[in-house]
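Two complexes are shown next, each including chain A; its partner changes from chain B in the first to chain C in the second.
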Partner chain A sequence: MEGFLALVLVLSVSLLATSNTAARLRRSRPIALLLSGGWMWLLMGVAIGPAGLGAVDQTTTLGMTPLMAFVLGWVGLMIGLGAHRSVFGALPRAVVRLTVLDICMSVIVAGGLSWLILFFIDGRFQFGDLTLADRLLVVGLLVVCAIGWSMETRSLRSSLDEAGASLSLTVRGSGGLGALVAVGLWGAWDLLVSADASGNLAIDPVHVMQVFVAVTLGVLLLGLVTRSALRLAGDASPELLTVFLGVVALLAGVSMRMGVPAILAGMLAGVLLTNLAGKEVRLFERFLLQAEHVVAVVLSLVAGMLLDVQIGVVGVMLAVILSVARLLWKPLIVAGASRSTGGTGKELLRFVGVRQSPVAVALGVSLVLDSSGVWAHKVLGVIVLTGLLSESVPLWKTLEKRAAPMATTTTPDLEISGGAPEQAVSDSEEVG
Partner chain B sequence: MRRGYLTGLLLALVLGVVYVASLIGARASVINSGSTTASVGLLLLGGWMFGRIVSVFGLPKISGYLVFGVFVGPGVLGLIQKADLPQLQLINDLAISMIALVAGGEIKLAMVRRSWKAIVSVTLLQTVAVFVGVGLAAWLLLPVVIETMPAEMSWRVALLFGVISAASSPAAVVAVLAELRAHGRMAQLALSSAVCKDLVVVSMFTIVLALVAIPESGAGSGSHEGLVSLLVGELGMSVVVGVVVGLGLSRFVRKLEDQLPIIVVLACVGIGVLGRAAGLEPLLVALVAGLVMENMYPERSDPIFETLEELSLPVYCVFFAVAGAKIDLGDLGSVWMAAVGLVVLRAGLLWASVGVGARIGGESGASARWLWTAFVPQAGVSLALVSIATQVFDTAAGAEVFTLFLASIAMHELLGPILFSTGLTRAGERDSGMRLKTGPDRG
Partner chain C sequence: MGDVDSGSGTARGADGESARVLLYLIISDPSTLDRLMTVLLDLGIGGATVIESKGMAAIIREEMPIFSGLGALLPERTGSRVVFSATTNERAEQLFAVLDDEFSQRQRPIAFTVPIVGWVGLRG
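Right, the complex of A and B next:
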């Protein structure tokens, strides 16, 4: 009964989120800013979940983890679909430079700060009994969550001039590339860092290689099976839908059975599929992207139900320090990119980098699914709080320089530039 | 045939990937929610592929989904774990609502008005014939077959055997009709009668359960007057709620056309929630809703039924494959002869009673001759009745009775769709240009 009720709630919210009214509201820049990271749905999830009103209890929330595995596989596929081979050849150097710089800074700054707090500042955590392996996982997760940023740029675009358009594309391109790297790094870290039966750190490179080879082969096989299956299905919509859903579920489930994050397997499959020829594969891509908004809403809502709000002093400290760090270094590196592409370095867009990437929430959920510890739910809480705090400065800047409501359909950035390669790399504005 | 080989190869690859993944996971002692998700994916993709393979041999695809479920289930390959099956209950309940919506949408009141005599006579005659015939046979023979059965238990078991044997599967009827695009006289009668029979059997079962209840078992106890009023109240309220749901969906479909897939899933899940929470019969609610939409607002409701058509195939794949996965072939092993005897007896009673009922109702020709095949399949409803009935007998003999029930239902589940498909073909109603709004096969 509770499972049904939870599903009814999730579907009802999805209905609301995909309604015409919601689409009209998203035209307003401040609201677009709020909705772009899925924060509204996330907070709604917290409100109806065990931490809020308790309309959905803990057991039911945990019972939704198979659905979340499916959603993560879907999200991974969407991220991977942006990695067409033509994109990498066409990537401007500015995008690559910005991404590499962002990754290095994330490792140094976010990694260093997390390490400091988790290993040295407080030896006794309110997260629960974290083993060494668990702490290393958390540090790694916070590093990859720090990579990249939200892809929503409309709210911070104050003009449609060429410099602004160019910077917007650079930022979006770098954000998309960053998402790919973040998921890949997280997958590798999750595989590498494991504990033995007594909880001691056990790094087994041989096992990691075996699993990596198995996953790669599995993804390759599934990709080929998908293409053939889609050809067999022809134009029949019910059959195509069955294949689409079956492939995503199988991919996510099989990867998790092997101990590999579903989002990583999804991404690898997305990379493979987007580089395969065939109109049926394009159909699959369109299907995935069409349901993007609903998937994003479901992810945010259930993430809100899964997280633990009682993150304690350490959790709050982590979130605040990581948000402040984002505020300090992200605008600097985006400003640097702006200057290198002919801008002034003082554009409002430089604050885009402050906003945490929505992929971070997906990675946090991935940790919850992979681990049995209560602390994983608290880490998800930290990630969400970091994201919320990181929205505050861009929101303030947007309200400060409030402009007219935006155009409705296509992104102005893309219309001006006709930027197909950058668009292929970029994630959606609402999922990331 | 070439496509069949290709599909077979793809299926083998999928099974291989899942098998290797489960080996790696077991070695690494991975315990997470991946198992359920992988099971859904396997049942969807693998079931779909296996359905296509069996259709090459002229068999209905739902038989393929069922057999695939048996094959990958805990009883054979074990790729679907027993622990995953309860998790898939959500899809089961969603499927029942969807199937009932579709079934309701296929019942044209004009046709029912013209053929009410045939529907009533076929429904009542077969229900009584099977109930009495199987019940009598069970009462006489079960003490011989199951030596540990106490004498005072045999009449109780016989009554339950009779009523459960009278049940059939509207879901299988809808699925086969849709797959074969059958829309003739036999199809219409089969659907209407299967639905009516379901309601009659559920009501009968409630009464029988009250009669056979052993006080200490806690199952089925309650005063007879209370039961009747409960039954009437439950069924009555279900009809009322069904009308409201049907009117609501028809009314608002135009405003929500862009979001119909979510609306349809929400409605089906909501019917399940309401059913459980308010003690209603979800099957009846959805059925009446479909009936109201089709007969009162046919044009407005078309988008809903088209959406149901889009969504039905994946739901059918999982629903029937899960039903197959629940079949334990080991059950068949110990009681197969008695189960075969039961299957033959039931089929014979159905053939005779439906034939007579059809003639009384003014039906003739091939459709009257083959109509009985529509009532052979048994599935979810029968299994649900069995699980309630077994609470009455908490003994060793009870366990054997339970095994016999399951074995006979399993056989009906596997053979029934094949027989019905044959019957439709012999009646000349296969591919009769149906406008049936949903189906497991459009390709």
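Right, the complex of A and C next:
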């Protein structure tokens, strides 16, 4: 009964979040900034979960495993649907450069810092009962969580000129590409790093390849079955909805059975589906993407209920250091991308890189789903805290910008230019 | 008085011909566009203008991508089309009947007309 009530609560809040009122609220830039990472819903999940008021207890949250797998499969599908073959042909070099740089820096900075803390400092402040395999898994997870950023750029765009639009597109494209890479890397790392029966580290690349082949074949089969099922369903909406939900559920269930992260299986399926021809498949794509906000809210609520707030000194240290690191190097690489696309490198939009990608929360939930250890809930807590801390500077910058007098990039007033053309020209140059 | 040859006029023509209306079709399923073009031509509704469009919900969703940011780099594939054509009320009514009878609910576009009070530049 509690599980049913929890499900009703989660779905009700998700539907509220997609109402016209919620859409209107998101037009406000500070609110958009807060909502883009799902923080409001996440904190609501913490409030009603075992760490807060306890309206939903630990047993009930653990019983939501099928829902978690379903949501992760859906998230993976949405990420994979962006990988149409035409995108890779059309990718601007600026996007590729920015993504590659971001991945390298994430591995070096986030990987190095996490390694340092978990392998050398954790001895004094116990984070949890972690084996060597667990620590490696956590380091890998924190690296992939550091890749990319939130793709919502409207709240940080201070002008609608061409340079701003170009940088916004570069940032969003790079964020999307980073999400694809992050999920792929996490899936491979999760399969590669494991422990044997006695708890010793076991790295088996052959097993990874076997699983990868099996998943690829499974996804191919799923794609063909999906297309056939959609053709059979025809125009009937109830049948179509059944097929849509059934495909996602089948994907999530089978991947869990195979021990493959649902988000990875979903992503591979999304990549396949978006490159399949057929108007039925386009319909399926549209259905998945239209529900993006609902799924994001469900994910955030569930993540809030699952995380452990008692992350200890090590957890807080990890979160603070990783978010400070983001603040230091992410704006630099985005500013570099801005200059290479004709911008000044001083746009407010360069701070979008500081904001952690929402995919990080999905990857954290994936760890909780795959692992039986209590420490996984703490790691999710670290990821969430990192994300919250990393929102603070962009939020402050946005509020600061709103408080400052509005700068304009519009054409100088004709009366002014008629009277003093030199002054009007120099004004617009200053603004530009 | 209507003057078809010079392409200007007011609501009702000199011979009492049917009132002119501006017909709008909002097509969310692009696969029906081809079939609709055939229907329009069969009914004598020509000179239509077709524009690619995007729904408000799609724009709001794009402003705040959460997981699907890579789609921003895809070539324009909005999937929606708006067709508008100046025609007579009679032909518009015929079109509505065809849409009702021969198109399923999912394929049926949103269609409506607005009266044209005056015009310049229309031919025929």
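Note that the second predicted complex is superposed on the first by the 398 of 432 C-alpha atoms of A that agree within 3 Å, B and C clash if a C-alpha of one lies under 4 Å from a C-alpha of the other, contacts with A are read in each partner's own complex, and residues count from 1 in each chain.
Keep this in mind: a contact is a pair of C-beta atoms (placed from the backbone, for glycine too) under 8 Å apart; a residue touches a chain by one contact, two chains touch by 3 or more.
What you are looking at is a predicted structure, and each value in this text was computed from that prediction instead of being measured.
Chemist: When the two structures are overlaid on chain A, which partner does A:A296 contact: first (chain B), second (chain C), both, or neither?
Modeler: In the superposition, A:A296 touches chain C alone.
Chemist: For A:A249, select first, second, both or neither according to whether it touches chain B, chain C, the two together, or no partner.
Modeler: first
Chemist: If you stack the two complexes on chain A, which partner ends up touching A:S12: first (chain B), second (chain C), both, or neither?
Modeler: Once the two structures are laid over each other on A, A:S12 reaches chain B alone.
Chemist: For A:A90, select first, second, both or neither according to whether it touches chain B, chain C, the two together, or no partner.
Modeler: A:A90: touches chain C, not chain B.
Chemist: If you stack the two complexes on chain A, which partner ends up touching A:G259: first (chain B), second (chain C), both, or neither?
Modeler: first
Chemist: After lining up the shared chain so the two structures overlap, which partner does A:L318 touch, if you call chain B first and chain C second: first, second, both or neither?
Modeler: It touches nothing on chain B or chain C.
Chemist: When the two structures are overlaid on chain A, which partner does A:A165 contact: first (chain B), second (chain C), both, or neither?
Modeler: After superposition on chain A, A:A165 lies in contact with neither partner.
Chemist: Considering only the touch criterion stated at the top, classify A:V109 as touching first (chain B), second (chain C), both, or neither.
Modeler: neither
Chemist: Tell me the contact category for A:G82 with respect to chain B and chain C: first, second, both or neither.
Modeler: So A:G82 only meets chain C here.
Chemist: Comparing chain B against chain C, which has contacts with more of the residues in chain A?
Modeler: Here the partner covering more residues of chain A is B.
Chemist: Between chain B and chain C, which residues of chain A are contacted by each of them?
Modeler: 235, 237
Chemist: What residues of chain A sit close enough to touch chain B in their complex?
Modeler: So the residues of chain A touching chain B come out as 1, 3-5, 7-8, 11-12, 14-15, 18-20, 63, 65-66, 68-70, 73, 207, 210-211, 214, 218, 221-222, 224-225, 228-229, 232-239, 241-243, 245-259, 262, 294, 369-370, 372.
Chemist: Can you list the chain C residues touching chain A in their complex?
Modeler: 29, 31, 57, 60-61, 63-75, 79, 104-107
Chemist: Spell out the part of chain B that touches chain A in their complex, as residue ranges.
Modeler: 3, 6-7, 10, 13-14, 16-18, 20-22, 24-25, 28, 30-42, 44-46, 48-49, 52, 87, 90, 93, 256, 258-259, 262-263, 265-266, 269-270, 272-273, 276-277, 309-314, 317, 439-443
Chemist: For chain A, which residues are in contact with chain C within the complex?
Modeler: For this pair, the touching residues of chain A are 23, 26, 32, 35-36, 38, 75, 78-79, 81-84, 86-87, 90-92, 95, 151-152, 154, 169, 172-173, 175-177, 179-180, 235, 237, 279, 282, 286, 289-290, 292-293, 296, 358-359, 362.
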